[in-house]
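Okay, got some structures for you below.
Each of the next two complexes has chain A plus one more chain, namely chain B in the first and chain C in the second.
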Partner chain A sequence: MKPLFPIAVITFKEGIRNRAIYGISIIALLMLVVNFLISQMIMREVGKVAVDIALSTVSFSGLLLVFFVGINLMAKDLDRKTIYMVLARPISRAQYMVGKFLGMVGLIVVSNVILGGFAAASLFMLSRMYATYFQRFSWPMVVLALAFIMLMLILLSALSFLFASFTSTSFIALVLTIVTYLIGNSINDVKALVEAPQAVGITPSPVTVKVVQIAYYLFPNLSFFDIKSQAAHGLALSSAYVCWTVIYGLVYTCLVIAIACLVFSRREFP
Partner chain B sequence: MIVRRLFPIVIIILLLPAYLFSLSMTSTQRKMLPLGGEVSYVLPSPLLKITALEFDGLASDFMFLKALTFYGGTLERKERPRVQEVEWRWMYDVLNAATDLDPYFYDPYYFANSNFTWEAHMVKEANTLLAKGNRYREWDWTIPFYMGFNEFYFLHDNAKASEYLMQGSKRPDADPILATLAVRMAYRGNRTEIAIVFLQETLKKTKDKNTRRELGMRLEVLQGVLALERAVETYKSKFAKLPHDLNELVAKGLLARIPDDPYCGEFYLDEDGSVKTTSDLYTTRKK
Partner chain C sequence: MQTMIQLEHISKAFKEGIGSRRVQALQDLSLEIGAGEVFGFLGPNGAGKSTAIKILINLIFPDSGRALIAGKNAEDRDVRRIVGYLPENPYFYDYLTAEELLWFGGRASGMEKSEIRERTDLLLTKVNLDHARKRPLRTYSKGMVQRAGLALALIHDPQVVILDEPMSGLDPIGRKMVGDIILELKEAGKTVFFSSHILSDVERFCDRVGIIVGGKLRLVENLETLLAGGATLEDAFLQEVARAGQKEVM
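This part shows the complex of A and B:
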C-alpha cells in the first residue's frame, strides 16, 4: 500500500498545475456572476433559480474537469510513454492505477470544495438581497446536493480511468466517457419512456426495449445523484435514499476501478 | 523588404471593412429567411426531460424566461389584439413544458394565472396548468386561491370555486380571507365585489411598479362597475324595471356621475342588466 500515496500526491499536483483548471475556474466564476443577472429577471422564486444555476455551474465545471483534466492524467502517461519510468519501479500496475485514481479523487474533492464555496457565496449574497423569495431555501440540502455532485464526478472519473486503461489514445477515452455520461444521465428517463411509450405516442420495437433494459444495468444511473431540484425547492429527502445512493456510488466506483486494474495489468505495452 | 512587411498589413486593412460588410449583409439576409418566428414547435416534455440531462431545473428556468421575454416583447406592439391566439397557445405549451421539467417551479404558474385569464381568455387552460402546481406544491395556498378565483369569476362555477378556496384555506400561512370568501361564494355570486377583494389582496403583496399600476387600473374599473351595479340594483327596486342606459341613473339622482374607465373605454348597460365596459379591460375581443 505504501507506493499509493506518492503516486496520488504526484497526480494531484500534476492536475493542479494543469492550465485547463484556470479556464474551468473562469467559466465557473462567470456563471456565478450570471446568477445575479438572471435572478433579477425572475418574479417570484428567485431562490429556486439561484440554487439551480449555482449547482448546475458546479456540476458543469466538475464535468469539464473530469473530461479534460482527469482523462489526461492517466492517458498522458501512456501517450508520452512516461509510464515505463513508473512501472520500472517496484510497484504493481494495480497500485499505479489506484494511486492515480486517488490523486484524481483528491483533485475532484478540492475543486468541488472551492467551486462549492463560490456557489455558496453567490447564494448567500442573493439570499440577503432577495430575502422574501428565499423562504424554502435550506443550506443542508444545498450542501448535500454538492456532495452528491462530487460522488457523481468521482464515479464518472473512475469510468474514464477504465476507458483509458484499454484505449490507445486519450481522445477515444474522452469520447467514451462523454457518451457514458450522456447515457447515464438519460437512461432513467429513457427506460421510463420505452416502458410506457403512450406518453409521446411512440411504439418502440421489442429489441429497443431489451437494449434499453440491458443498458440500464450496464451503465451507471447518474440521475440518482441529481438532487438539484430537491435542493432548489427545499423538499424533504429520506435518509434511506441518501444512504443507498452513497452506497450505490461507492460500490459502482470500486467495481469499475477493480475492473480497470484487471484490464490494465493484462495490457501489453508496445 | 518594406513592401514585404507592409503587405500583410495592407491585406488586413482591406479585409476588415470586407468582414464588417459581409457580416451585416449576411445578418440581413438571415433575417429574411423563411424560418418561422420565435413561435414554433415545443418538444414533448418526456423528450425535453431526456435532452436536459441533469439540468432539468435549469432548462425549466430558461423555458420560463423564453415565454416571459416573448411576452415582454409583445408589450411594445401597436396592433390589437396585441398577442395572437397562436402565440398564446405557444406560450401555454412552453409553460406547460417548463412545469413538466420542474413541476414545483412557481413562476410559470404565477405568470399563467395573471396573463392567460384576463388577457387571453384561456381560463380553462390556466386552471389545468395551476392544477399541476396544486398537486405538487401542497404547502402553497396561493395556487388554490387563484384557481378558486378563476372558477368563480370567469367560469361561474361557485361550487368548485368554494371547494378550491377551502382547500387553500387549510394550508400553512393561508390568508384568513380565503375561508370567508369560500363561504360567501357558496351562497351567492357577488362577482364584482369578490373580484375587488381579490385584487386588493393581490395588490398588497405586489411590489413591482408596472404590475401595481396594471392591477390598480383593473381595480379602478371594477370599483366603477360595482358602483354602477349598485345604482342599477337600487333603480330596479325603486322602479321595478331596468334603466334604458346608465345616464338615466345620473338623471334620477342615484349616481353623481358615471365613473371613468382608466382603459379609456365607456361603461354601458348590457341587455341582461349587467354593467360592462367597451374597453373590456384592455382586450378588444368581443365576448
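This part shows the complex of A and C:
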C-alpha cells in the first residue's frame, strides 16, 4: 500500500493549488458575511437562521469542490493522459484509484475544516451579538452537522470517482454525480410520498412505487447526513442514529470505491 | 546476451467508434531486445509504434500474445521498478513543480528521500531545468515539459528505458541533449527502446532498428548491416514502407 501516499500527496497538492479553490473560498466567505446582514434584517429566530445559513454555506461550497475540482482531478488525468506517468510506476490501477481518492478526501477534510472554522466564527460572533436568540444553540450539534456534511461530500466524491472510472469525458461524470446528488437528497421524501399517497391525495402506479423503492436501495440516502434543521433548532440526535449514519456513510463509500477499482482495473488507456 | 524486452506474437485491435468495426493496430508482432542494446523503433504515423510501447507499460492489454520485461510479464506492476517510460507528448500536473514531479516518481518507485534528492539534482541539471525546478509545470514550454518527462523517466535509474518519440517538440539543442542522454545510458549498459520519426537521430545511436508499417513488423536489422554498402536509413525505411504498401494492394 506504499504507493498510495505519493499519489494522495500529488492529488492533494494539485487540488489545493487549483484556482477554483480560491473562487469557492471567496463565495463561502461572502456568504458568511451575508449571514450577518440577513440576521440583522430579520431579527426573529436569528439563532436558527444563522446556523442554517452557516451550515448551508459549508455544504454548498463543499459541493462545488466535489463537482468542479474533484471530478477534474480524476477526469483530467484521463483526458490529458497524465495517468501514463502514474501507471508507468509500480502502481496498479486500483492503487491509483484509491490513492487519488485519498488525496480528494484530504482536500475535502482540509477545506471543510477551514470553511467550518469560518462558519463557527460567524456563529460565535452572532451568538455574542444576539445572545437571546441563541439560548437553544448547541455547539456539539453544529460540529456534528459539519462532520456529517464532510461524510456526505466524501461519499459523493466516491460516486464521482466511480462515474469517472467508466465514462470517457468529465462532463458525463459531472452530470451523473449531480443527478445522483439530487436523487440521493430527495429519495427519502419521495419514497415516503409514494408509500403513503393518501396523505397528499395522489395515486401513484404500482410501477412508480417499485421504481422508487428500487432507487431507494440503489442510490445513497443523502438526507441521512442533513441534520441542519436539528442543529438550527438545537435538537439532540440519538447516539444510535449518529453511529448508524457514520457506518452507513463509510460502508457505502468503501463499496463504491471497491466497485470503481474493479471497473478501473480492466480499463485501457490508448 | 540476456533478453530484456520480449514481445511474443502480439496482436491488438481497437474498436473504431460505437460501431463494431475494429482496426488492427498490431498483427502478430514478435521482437526481442537484449540487455544493453539501443533499439530504434521506426514507422510512419499510425503504424503501431505507440501501441506496442503502451502494451509494454501495461497501459493497454494485448488481444493475444504476451509482453515480457526481464522475463516477467508486463502486467506485473513490479516490473515497472526497472522501467523508465517517457510518453509521446507527455502531459503532467499543471500545479506541480518539476521537483515535486520527480519526488512523486521516486517515491512511487520506492526510493529513499536522500536518493531522490540526489538524483533530482543530477537529472534536473542534466536536462537543463535546474533554474526552473520550483516553477509549476504549467509555465513550462513544450520542450521543457518533454525534458522534465525525461528526467521523470530516469529518476529511479531504470535498467530499461522506453521512450516514445523523445525528440518530438524539441529544438536542436534539446535534441542533442536527449541524444547525449541516450548515449550515456548506452555506456551505462542500460537497455533503450525508443520510437522515432527522426531517422538521423536513429542512425546516431541505435544498435538495431525495427521498421513497423501497418501494425506488422517488416524488418529488424543491425544498423551496420543495414547501412553496409553506402545505403542510408532513409532509403531502407522508404523501401520497406513502399513494399508494405504494395503488399496491401496485392
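In this section, the second predicted complex is superposed on the first by the 269 of 270 C-alpha atoms of A that agree within 3 Å, B and C clash if a C-alpha of one lies under 4 Å from a C-alpha of the other, contacts with A are read in each partner's own complex, and residues count from 1 in each chain.
Convention: contacts are C-beta pairs under 8 Å (C-beta built on N, C-alpha and C of every residue); 3 or more make two chains touch, one makes a residue touch a chain.
Everything numeric here is computed off the predicted structure, so don't read it as measured data.
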Quiz item: Looking at the overlay on chain A, is there a clash between chain B and chain C, or do the two fit?
Solution: fit
Exercise. Could you say whether A:100 touches chain B, chain C, both of them, or neither, answering first, second, both or neither?
Key: neither
Practice problem: May I ask you to name which of chain B and chain C touches more residues of chain A? | Solution: B
Quiz item: First (chain B), second (chain C), both or neither: which does A:186 touch?
Solution: first
Exercise. Tell me which partner A:89 touches in the superposition: chain B (first), chain C (second), both or neither.
Key: second
Exercise. Report for A:56: first if it touches chain B alone, second if chain C alone, otherwise both or neither.
Key: first
Practice problem: Check whether A:14 is in contact with chain B, with chain C, with both or with neither, and answer first, second, both or neither. | Solution: second
Exercise. Enter the shortest inter-chain Cα distance between chain B and chain C once the structures share a common frame, rounded to whole Å.
Key: 32
Quiz item: Across the complex, what residues on chain B touch chain A?
Solution: 44, 46-47, 49-51, 53-58, 60-61, 65, 68, 102, 104-107, 110-111, 208
Quiz item: In the complex of these two chains, what residues of chain C are touching chain A?
Solution: 14, 51, 54, 57-61, 77-81, 83-85, 87, 90-96, 100-101, 103-105, 107-110, 136, 149, 152-153
Practice problem: Would you pull the chain A residues touching chain C in the complex into a rising list? | Solution: 2-3, 5-7, 9-10, 13-14, 17-18, 80-82, 84-92, 268-270
Quiz item: Okay, in this complex, where on chain A does chain B touch?
Solution: 38, 41-45, 48-49, 51-53, 55-56, 59-60, 182, 185-186, 189-190, 192-193, 199-200, 222-223, 225-226, 228-229, 232-233, 235
